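Read through the structures below before going on.
In the two assemblies presented below, chain A is common to both, partnered first by chain B and then by chain C.
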Partner chain A sequence: MTVQVVTGNQAAGHALSLAAEANRTARGAACGIYPITPQTEIVEYVAKFPFSKGRVVPVESEHSAMAVSIGASLSGARAFTASSANGLAYMAENVMVAGFYRLPIVMVAVNRTLGPPWNIWADQGDTLMLRDFPWLQFYCETNQEVLDTTLLAFRLAEDARILLPALTCMDAFIVSHTQTETSMPEQDQVDRYLPDLRLPHRMHYDEARTVGGLAWPHEGLSMRLEIDEAMKRTPAVYEACRQAFIDIFGRDPGDTIQPYETDDAETVVVATGTMATTAREVVRKRREAGRKVGLVKLKLFRPFPEERLRDACGSANRIAVLDRNYAAGAGGVFWQDTRAAFQGRRDDLLIQNYLAGLCGGDVTPAVIETILDDLETREAAGEPVWMGIESGEEVTQ
Partner chain B sequence: MNATAECLLRPGNTNCGGCGMSTGLTMLGRALADAGDSCTLVIPACCGIVTAGAYPTTSYGVPTIASTFASSPAVASGVATIRDLNDEPGQVVCWAGDGGTYDIGLATLSAAAERNENIIYICYDNEIYGNTGGQRSSATPAGAKTSTTPSGKREGKKDVMSIMAAHRIPYAATLSVAHPGDFARKIAAALSMSGMRFLLMHSPCPTGWKSEPADSIELVRIAVKSGLFPVYEVFDGVSYRINVEPDGTDPAAYYDRQRRFGAGEIDLDATRRECAERMARLRVLAERFSTD
Partner chain C sequence: MIEIRIHGRGGQGGVTLAKLIATSRFLDGLSVQAFGLYAAERSGAPIQAFCRFSAEPITNRNLIYEPDHVIVLDPTLIAPALTSGLKPGGWILLNTPQAPSDFAEEFADYRIATVDATTIARDNGLGTRSMPIVNTALAGSVCRMLGFPLEEMHAALDHLGFQGPNISAATRAHDEALLLDAPRRPDGERLAVPPPGEARGPSIVKGAGAAMPAIKTGAWATEQPRRRQMIPPCNHVCPAGNNVQGFLNALAHDDVDKALDILLRSTPFPSVCGRACPAPCMDVCNRVELDGAVNVRQMERFAGDRGHADVGPDARRSERIAIVGSGPAGLTAAFHLARFGYRVEVFEAADEPGGLLTAGIPEFRLPEDVVAREIRRIVDLGVGIETNRRIDRPSLLYLTRRYDAVLVATGLQKPRELQLGLNGTQAVVQGIDFLDHVHRGDVRVDGEDVVVIGGGNTAMDAARSALRLGAASVRVVYRRTRDEMPAIGEEVDEALEEDIRIDYLTQPIVLHEVPTDGARRLYRLTCRRMEPGEPDESGRRAPLEVPGSDFDLACHRIILALGQSPDVSVFPEGTEVREGAQLLGLLETPVFAVGDLATSEGTVAGAIGSGRRSAVHIHNALSGDSIEITEHADALRDVDEWMDEVAGAGDMKLHLFERQAAVEGGDLPVEVRRSTFDEVHMGLEDTTEAARCMSCGVCNECDVCCTYCPEGMLRRVRHGLEFDYTYCKGCGVCATECPRNVIRMSQLSS
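Now for the complex of A and B:
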């Protein structure tokens, strides 16, 4: 393990490449790749990796990138890809298929604003658009977390109790293009962490079986129920994968939900990705000033860690949910799920949504201070508050 | 259960009487079995995947993967990649309709051809979106009435063979179920090569063509004999060979026996001219750029 100064994209490319190479002792690895800003550096990284039993297929679209990975995964190989924004939208049909086929494909997504208008900066609306597909979703904060979570995602996705694809997300540019010191694992460590993939339902050339044909309602229902059961098993299996990661790499890839100073907090900020980094610093300063404020960073979004979130907010009476995304006509996505998690259980809780950093806007400490000031003086929750309109001032609908 | 191409399309499937696709599947299976070969089928949305029947049963005697509509060549690229990385036997065959080939999947097919993926792509071309009940595709010939061209299609049929040949793939050929010997020989030829092999099969569809099921083979025979559907092959995109020369059969018989064409609505003189020109052009290519 060496510490190198790399971008988030390079960290992701390294994790994908080493994970794929680790399956050389089994059926190998393959992926379809297609460039899109700001993830291009990831597919460039894997394209130049000298795989001993793998092939990178440079296709003509994101839709086909996922299709190649589906074909490889159905054949029992380790498969992966990366994409972003409109690329994910174009890929969406096959993203869904990978989930319904229960294929442990790992995809790294760089969260970028969906267009039009043209915008390459951070916004989570792209991956959250895929939220109802059978994929695990992780939102990462640092280059190290991207690397670690991507490796962990393979082990988790391939676990016989799960068998679901996984998405590792990072904020455009803030993570994808920012160089930081990152511990880069060696191949032999990844080999130990990721056992040979033995996909139980893979296709065999000599076995007459059809996958993906017609299924009657009761069969389809059973398959959906199995997905739900796998989703429910995810937190426990994640924890096992996390402990194994610590054993081999000597580093904690992080819990699915990461509370900070929440034990006696009356006010809690719920945030994801790099907004959590900024919020943590604001919370630390407010704590120094004696304010009872805390932070909950959501790392796992699908399945949504409802119970853990409720526990982490046990002492709170006010919650600010920060959303770097906007579901048209329905506010922020994390807010919707947070509200649902408390529905009928903590009706005393004031849960206010703040749409912050949309379309690549900066979420500075001042923005979070403004949010906390607003939250602490509120008598009741209202409509989602749009941050960043007119040079940082909030606009209430 | 062990796969066998010997019975690639199993009895008990629910396909229509007179379905050319079913005949083609049977011929493909026999040709594979004769060569001691087998295949994995990758089938996009089309009648071919409905043919499989309902989970967990299947009408296919070989492993079969359903892909999304536009994706069969890309999924097959992944399957063939892992087969080759593991030195496994068997072909990876895309079995797709004209909608999946000429229309929604054309970019995917073009890209797989350009990469020269090690797959066989067979388009069973029934000139219509059959699975959705009969809408126009870009393979529908001029004059044909479909549910989305109720007065008859104005545009002619796309020449997908020329498009595929232009990719300079190792092998591109047309198949007719009225010429089983030629069909079998071409499958065998495809099996003897690697890289992208594209086969276009004229596939009679009584339901879509509004023709009698018993006429299916005869109709595609007329198409070959009149020059409506030339039977030929192209090697590496440059060398041409005509396999069945038209014998002067009048294309009128083709139109008269399908109710998708309105009586008296087809300009037969123009059609005869087109047939003659189509064959003349191919003869020039076959003579100037022969396979000898």
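Now for the complex of A and C:
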């Protein structure tokens, strides 16, 4: 294991390649993948990787990329892909199929603003668009976390108790294109961490089957219920995968929920991705000034870790939920789920939504200071607050 | 923590420089970040890159607003805005051959370093001459400027796989960097930092497309497209000077009247040439390389037969011009002179106008009414044609006294002879005489075996006429091969279809009468086999006799079609008759020879071209104008730049064209043809064939370039292309996609 200065994309490409290569003692690796800014570097990385069993299949679109990965996974190969923004929108039909087929495909998504208007910078609206599909979703903060979570995602997704595809997300450019020191594991470590993929419903040449044919209501219902059960098992299995990761790599890939200074916090910021890094710094400074403020970083979004989130927020009575996304007509997505988690349990709790960094805006410490100032002086929760826009101002040109 | 902002242009390696600096600090044990500020930029666009390093783990995930130092990769980016947010006392490293003191006034609050990284990069062969990659050189200067050991940068370069010339460049730039380590105004007032935009942006429903911040992408360009057109090969070779590409383009847009109008600018005989022209344009058509030549001949016929055009004199002039001979050359000259406004009289020895067109080309190839219609258009311009008026030497002198100019267009009158022994008897007739009788309808050859000697159109016409007049058999004897035959290829094909036999490499030697009992005389033509010899000056292989190969052909009639030569007896002896030369030089009245008489080209199209050139020449002489005839699409000449080069197949992007076979049109069935002089070729039904024209070298306004321009900065205004160079980033997509290659990229000088 060496520490290298690499981008988030290279870290992801490294994790995907090593994980897939680790399955060479079984059915090998295969995937379809299609480039899109800002994910292209991942495609370049995996396309250059000398897989000893299997290959990366060049395709003409994201829809086909996921189709190839579905076929590869169904036949027992370790399959992965990566995409972003409008590419994910185009891929969406097959993203859903992979989930309902219960295929342990791992996808790295670089969170980019959905266009139009055209925009290549960070916004989580693209992966959150897929939130109701049967996929596990992780939001990462650093290059290292992207790499570690991607490796962990394979072990988790392929666990016989789970068998669901997993999505690892990172902020466009802020992580994907920023080169910083990152610990890059060796193949033998990954080989030890990821056992051969044994897909129970794998397709065989000598045993013809149809998958995904017509199911009666009670059959479909059962399958949905099985997905829900797998989702419910996820936190526990995640913890096991995390411990195994620490054993082999000597590094913590991070908990599903990561509280910081929340023990006696009266005010808590809930944040994801790189916004959590900035928020942590602001919290640290406020703590130095004696303010009772904390941070809860949400790493796992699907399944939504409701109970862990409630516990992490402790006795705080004000929560600011930072959303780098906007669900049209409904505010921020993380805010909606956070509100739901406390529904009927803490009527005294003020949960306020702040839409920050949308469409690639830079969320500076000053932005978070403004948010905390607003939260601490607020009498009641209100409509989501749009950061970066002075309210009431008329459009002038 | 130290933060550095790098200003460069896309392709210069700014992000890699950030990574080099970061890596050198990482190898020194620091926490680092390196990143670019990405948008829609391409090569040449102004870009920014950043790096930060710190002894503590970096937790800042924001852009750099207040850098400690600034590095500028491109001298053209040196401007006051560089210092936006720059902390006072920070370094500004500039890639420039100038000294730091040159910038001391402009950047008075800062320390300044300069290095000529461009020269160093070029000397080390890094990048290209137009876009040298200066990042590794500047990395060396950064060490010097910030006081890091050069070895640490060498280690970073090595770590990232840079070797050889990059190491040398870094070392040299380290040594050659010039430092001005003392700000002129160390305690001066700090420049205001422009705050990041926080106001509400433009509304998409209130026209955000127009309100979006304009990025002048033209500033990124290193190349710019221009439309530069070339000469289409068809236009270039057309003996008549027709704008072939132009009329085909009009037909492709189903504008038959416009097509005719374009043709009438050069030729009064589109319907004639659309039948009788050997069409050299089709031989040079670039489409031959793809799927066969465009059927230009039939398209010209279509325009001539179906189009309507009003032609009238452009002016009224008092000068009177006499033209001797009403063949295609004389009538073309008359047509153009009449359009210039002159009063034109044509004198014709025969009893009807048209010369070769009426008397020399049979009905089945060129119907009489077609010729009559096109002659009528000339007469309607006010041209007088006096028939049965032969002009000899004395009457030519008379004309010079009564007219302001005289053109002599008597063509090729004297048929070439071949002495076979019975010349002068009814056994041997001349092809043009035979065809004249055919035209008058006073000859039949029922039951005869006819031998035609020659390989030109007269030979073919005579042979095919004989067949239609009842000949039992017709054979053509020609002393060379098919490749050398001057006749139009399609006509040879049609003759063969009609069961006319052609003996190639056969030389007639002598003709004997064979005694018979009947009323019909029988002859024996002794012939000798030939073989191709060495090519002569014209490139044609001279035939050589094969000894002992003589054989006999029985026949009832020999038709000689060996070509004609000019009859210059109308001029004083010793006159050198050639086009453009003023003859009878002692007279004030200009006298010119026109057409085959002057050029001996021997085609209708050549005669038309000569007639037009002579008309313009006369007009220039009489009026003092200086009209020039261009051999290509003069209608487009004023649109934009021309390259005086002919567009070859190699200039075209043939792969962008769909393969599509030529439309040939239908012929009368062979069995019908033997008994009728009805026109063999029935013409084309529509203008589909014109759409096959690739418009070589000439913009035909297909607008593919406008469609593909990713910036939307290219549009067509009438016949012109408007490139908005403010936004043209020089990507070259328009040039790549232009099927006819008329958009060329040119390098911008820096």
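We take it that the second predicted complex is superposed on the first by the 389 of 397 C-alpha atoms of A that agree within 3 Å, B and C clash if a C-alpha of one lies under 4 Å from a C-alpha of the other, contacts with A are read in each partner's own complex, and residues count from 1 in each chain.
In this text, contacts are C-beta pairs under 8 Å (C-beta built on N, C-alpha and C of every residue); 3 or more make two chains touch, one makes a residue touch a chain.
On a predicted model such as this, the values are computed, not experimentally measured, just so you know.
Trainee: Report for A:351: first if it touches chain B alone, second if chain C alone, otherwise both or neither.
Mentor: Neither partner.
Trainee: Looking at the overlay, what does A:241 touch: chain B (first), chain C (second), both, or neither?
Mentor: The answer is neither, since A:241 touches no partner chain.
Trainee: Considering only the touch criterion stated at the top, classify A:265 as touching first (chain B), second (chain C), both, or neither.
Mentor: neither
Trainee: Once the shared chain is lined up, is A:180 touching chain B (first), chain C (second), both, or neither of them?
Mentor: second
Trainee: Of chain B and chain C, which one contacts the greater number of residues in chain A?
Mentor: B
Trainee: Which of the two partners, first being chain B and second being chain C, lies in contact with A:389: first, second, both, or neither?
Mentor: second
Trainee: Where does A:211 make contact in the superposed view: on chain B (first), on chain C (second), on both, or on neither?
Mentor: The answer is first: A:211 touches chain B but not chain C.
Trainee: Check the residue A:94 against both partner chains and state whether it touches chain B (first), chain C (second), both, or neither.
Mentor: It touches chain B, and chain C stays clear.
Trainee: In their complex, what parts of chain A are in touch with chain C?
Mentor: On the chain A side, the touching residues are 5, 37-38, 117-118, 120, 173-174, 177-181, 274, 277-278, 280-281, 362-365, 388-390, 393-397.
Trainee: Going by the contact rule set out above, which residues of chain A touch chain B in the complex?
Mentor: Going by the criterion above, the answer is residues 27-28, 30, 32, 53-55, 57-61, 63-65, 67-77, 79, 93-94, 97, 203-216, 219.
Trainee: So in the complex, which bits of chain B are touching chain A?
Mentor: It is residues 1-4, 38, 40, 42, 49-50, 52-56, 58, 60-68, 70-71, 73-83, 85-86, 88-90, 107-108, 110-111, 115 of chain B that touch chain A.
Trainee: If we count contacts the way the header does, which residues on chain C are in touch with chain A in the complex?
Mentor: So the residues of chain C in touch with chain A come to 18-19, 22-23, 26, 31-36, 38-40, 58-63, 196, 198-200, 202-204, 206, 208, 211-212.
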